[in-house]
Amino acid sequence: MKLRKVSAAAAAALVLSITATACGGGDGDNEGSGGGDKIKIGIKFDQPGLGLKEPDGSFSGFDVDVATYVAKELGYNADQIEWVETKSADRENALARGDVKFIAATYSITDERKQKVDFAGPYLLAHQDLLVKADSDITEATDLNGKNLCSVTGSTSAQNVKKDFAPKANLKQVGGYSECIAGLQSGAVDALTTDDSILAGFAAQEQYKGKFKLAGLKLSNENYGIGVKKGDTETVNKINAALEKMVQDKAWDKAVTDNFGPANYKNEPAPKIGNVVS
Amino acid sequence: MSSVLYDTPGPRAKQRNVLFSVVFFALLAVLVWFVWKTMDDEGQLEWALWKPFTEEQAWTTYLLPGLSNTLKAAALAMVIALPLGAVFGIARLSDHRWVRGPAATVVEFFRAIPVLLLMLFANEFYDRWTNVTSEQRPFYAVVTGLVLYNASVLAEVVRAGILALPKGQSEAAKAIGLRKGQTMTSILLPQAVTVMLPAIVSQLVVIVKDTALGGVMLQFPELLSERATLAANYANVIPSFIVVAAIFIVVNFILTSFASWLEGRLRRSKRSTGAVLGAEDVEELNAAEVGGTYGTGAGGTI
Amino acid sequence: MFDFLEGYNVLEAFWTTVQLTVLSAVGSLIWGTLLAGMRVSPVPLMRGFGTAYVNIVRNIPLTVIIVFTSLGLADIFGVTLGSRDFDVQGFRLAVLGLIAYTAAFVCEAIRSGINTVPLGQAEAARAIGLSFSQTLRLIILPQAFRSVIGPLANVLIALTKNTTVAAAIGVAEAALLMKEMIENEAQVLLIAAVFAFGFVVLTLPTGLFFGWLSKRLAVKR
């Protein structure tokens, strides 16, 4: 008897799950963006200084400030913004599917990406750089040869170093920048490489203050743009106008000082819209 | 069972066992001490790194929502994958080639592809062909990926379980005039499921662990990816990994404990209703297949 | 259509996947057998250790274990496995992590294989005066292995796919190349399809071969 109960329960579960799936398929309104009062914006959640989910559930960082400003110009207040995490690998798809209205997530403008998405901006010119211990003697990229270097797996920065700057550098690849910093702190690696903006954000963190410094190299040009769905020229123009205004009324400078100030980060002046430095 | 492999220890063997134990224990103790000391030297035991886990916000903002997503996805995937696995397992045993063949193809195909990629494809499928909202889509994609893979593995478990039952079971069913379907649902399947419970449970553990793949490329905020956000805030990479690993161990331990309690109940109840297989017969007859499914239990990509 | 493959050595990446798989398979077979031996051994503490090991390791996501070998073993405990070169070191650490994880499953498979060996075999072995280790090595394990070839093949297939996790610590195998390609080419689906195909090519023949082998070697009783 019990056994029959088991199979009955299994059957019930099957029916339940099928209906659950069916219902789930039916009730979505597929309005990824635009419609309604909310606007969805893609950012990073785990990068201090650029896009970070704080312990109280709020969001902070330069990308967040820029996005908030842009959203305001598009007619959305801060409380109407819904922040969505967009990891590097998923950014193009998130836009193509309409999951988010736009993406401000350390998103460098490149030719390959331009075939898939449209970019507004750039709103920040960053460079690949090194983060080293405060007392380190690494000052040039060639100093890295024979040294231990850390970067995030599969990232462009890691590929650049291997190919161009220091082919003999000993490259350790890990899952995230936090892991690299842990290695830098313990002495397992001598330097960490990625965009200087990202590095500055980490160096400015409470726990790391005074322990690390940026080497100040400009190994590459990373033009951070705001990604928009391919073909949505209207939004691109609106965002460009918003970005121009942000620079004009000094909100841009304030965002830079607020977020990168403590790291002693020498940022580039605000880039001109459409001026992609290659 | 294990006691069959060696004699009941006499005085000398007992002494030797004590000696082995002492040596083994000493080695373990040295290892533990070494780990502790090195962690201390490297500053990983500093209170500042561990303090966040005593505060409410670390849990309410990162860990608990992550755990809740992990559990929800795992639970739904289990509920769908178990019956689906049973269906495919039975289909592979069908007398009709046109049922057997396709079922075998589906099972072999989905077992061969890494779960992460299955999730990726499912995500794209839901975007193109359904109107699931973008908030819900990662969840659906993760569950679908888990179901496709684990149902295939469970199908093999169920098939092995049914094959391992004594022939007399289906013969007796035939003799009392049950049809094929009845034989399967009321005689073979219930016994197979009971017998294969340990293997099924290993697979459920895999489902829980594999939810972690959802955070790799889809934006599914499960426990392991919430850890990254947490560590970015508190700058405590190693402690955060240790805490998350501990959470996974506890969750899976609860799952396996529940399953062995259930197993005990089912075995007992079977005896009272005129049992078919004694516990020992089960081990004798089915251990190979049971083992097989322990093996398949390793199927997770993470 | 497939011009995005240009400039990437997909075959080399899959070769690394194969190397990871083979080395980890051999290692986990050895360590897993030792663990199984511990779990049925007369020494209570060893039995306890074996049980605890299997239950803890099986319950942790593999990613966590692999990352631990890199951040924990290498960075904190200074286990370099004979190489300061992170490429080599990462590969060896990944093999170590995969062995540690897979061995738990191998152990369980073998242990259930031990259960299939008829009681009479062990009893006869003891009756002619063989010790525990002799009984295990000469009588029980050879029979147990033959009956668990199928299950072990499943572990091997899972292991093949599990090597993708090594990408988390930068081992240049298939999944890492996939990640790099996606980052550069913005062609997620096509790229993923190519790699999915690669894994089907690797795992399907494995399954078929071992299926055939287990039938051939099955202990006739």
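Quick notes on this one:
Letters A, B and C name the chains as they come in the text, with residue numbers starting at 1 for each one.
To be clear about the criterion, contacts are C-beta pairs under 8 Å (C-beta built on N, C-alpha and C of every residue); 3 or more make two chains touch, one makes a residue touch a chain.
Remember, predicted model here, so these are calculated numbers, not experimental data.
The most distant chain from subunit C, with centres taken as the mean of CA atoms, is A. Counting C-beta pairs in contact across A-B and across B-C shows that the higher total falls to B-C.
Measuring from the averaged C-alpha position of subunit A to that of subunit B gives a distance of 34 Å.
A straight line joining the Cα centres of subunit B and subunit C is 17 Å long. Touching two or more other chains at once are residues 67, 71, 76, 188 of subunit C.
With touch defined as above, residues shared between interfaces to two or more other chains in subunit B number as follows: 42, 124, 237-238.
Among the residues of subunit A, those in touch with two or more other chains are 89-90, 93, 175, 179, 182, 186.
On subunit B, the positions that touch subunit C within their shared complex are 1-2, 4-7, 9, 13, 17, 20-21, 24-25, 28, 35, 38-39, 42, 44, 108-109, 111-117, 120-121, 124, 156, 202, 205, 209-210, 212, 224, 237-238, 241, 244-245, 248-249, 251-253, 256, 283-284, 287-288, 290-302.
Taken together, the subunit B residues at the contact with subunit A in this complex read 42, 48, 52, 55, 57-58, 61-62, 76, 79-80, 82-84, 86-87, 124, 127, 130-134, 136-137, 140, 185-186, 189-191, 193-194, 217-219, 221, 228-229, 231-235, 237-238, 266, 269-270, 273. If you check the complex, the residues on subunit C that touch subunit A are 67, 70-71, 74-76, 84-87, 90, 167-170, 176, 179-180, 182-186, 188. Residues 1-4, 6-7, 10-11, 13-14, 16-18, 20-21, 24-26, 28-32, 40, 45-48, 52-57, 84-87, 89-90, 93-94, 97-100, 175-179, 181-182, 186, 205, 207-208 of subunit A touch subunit B in their complex.
In the complex of the two chains, the subunit A residues touching subunit C come out as 88-90, 92-93, 112-113, 115-117, 148, 153-156, 158-159, 170-175, 179, 182-183, 186, 188.
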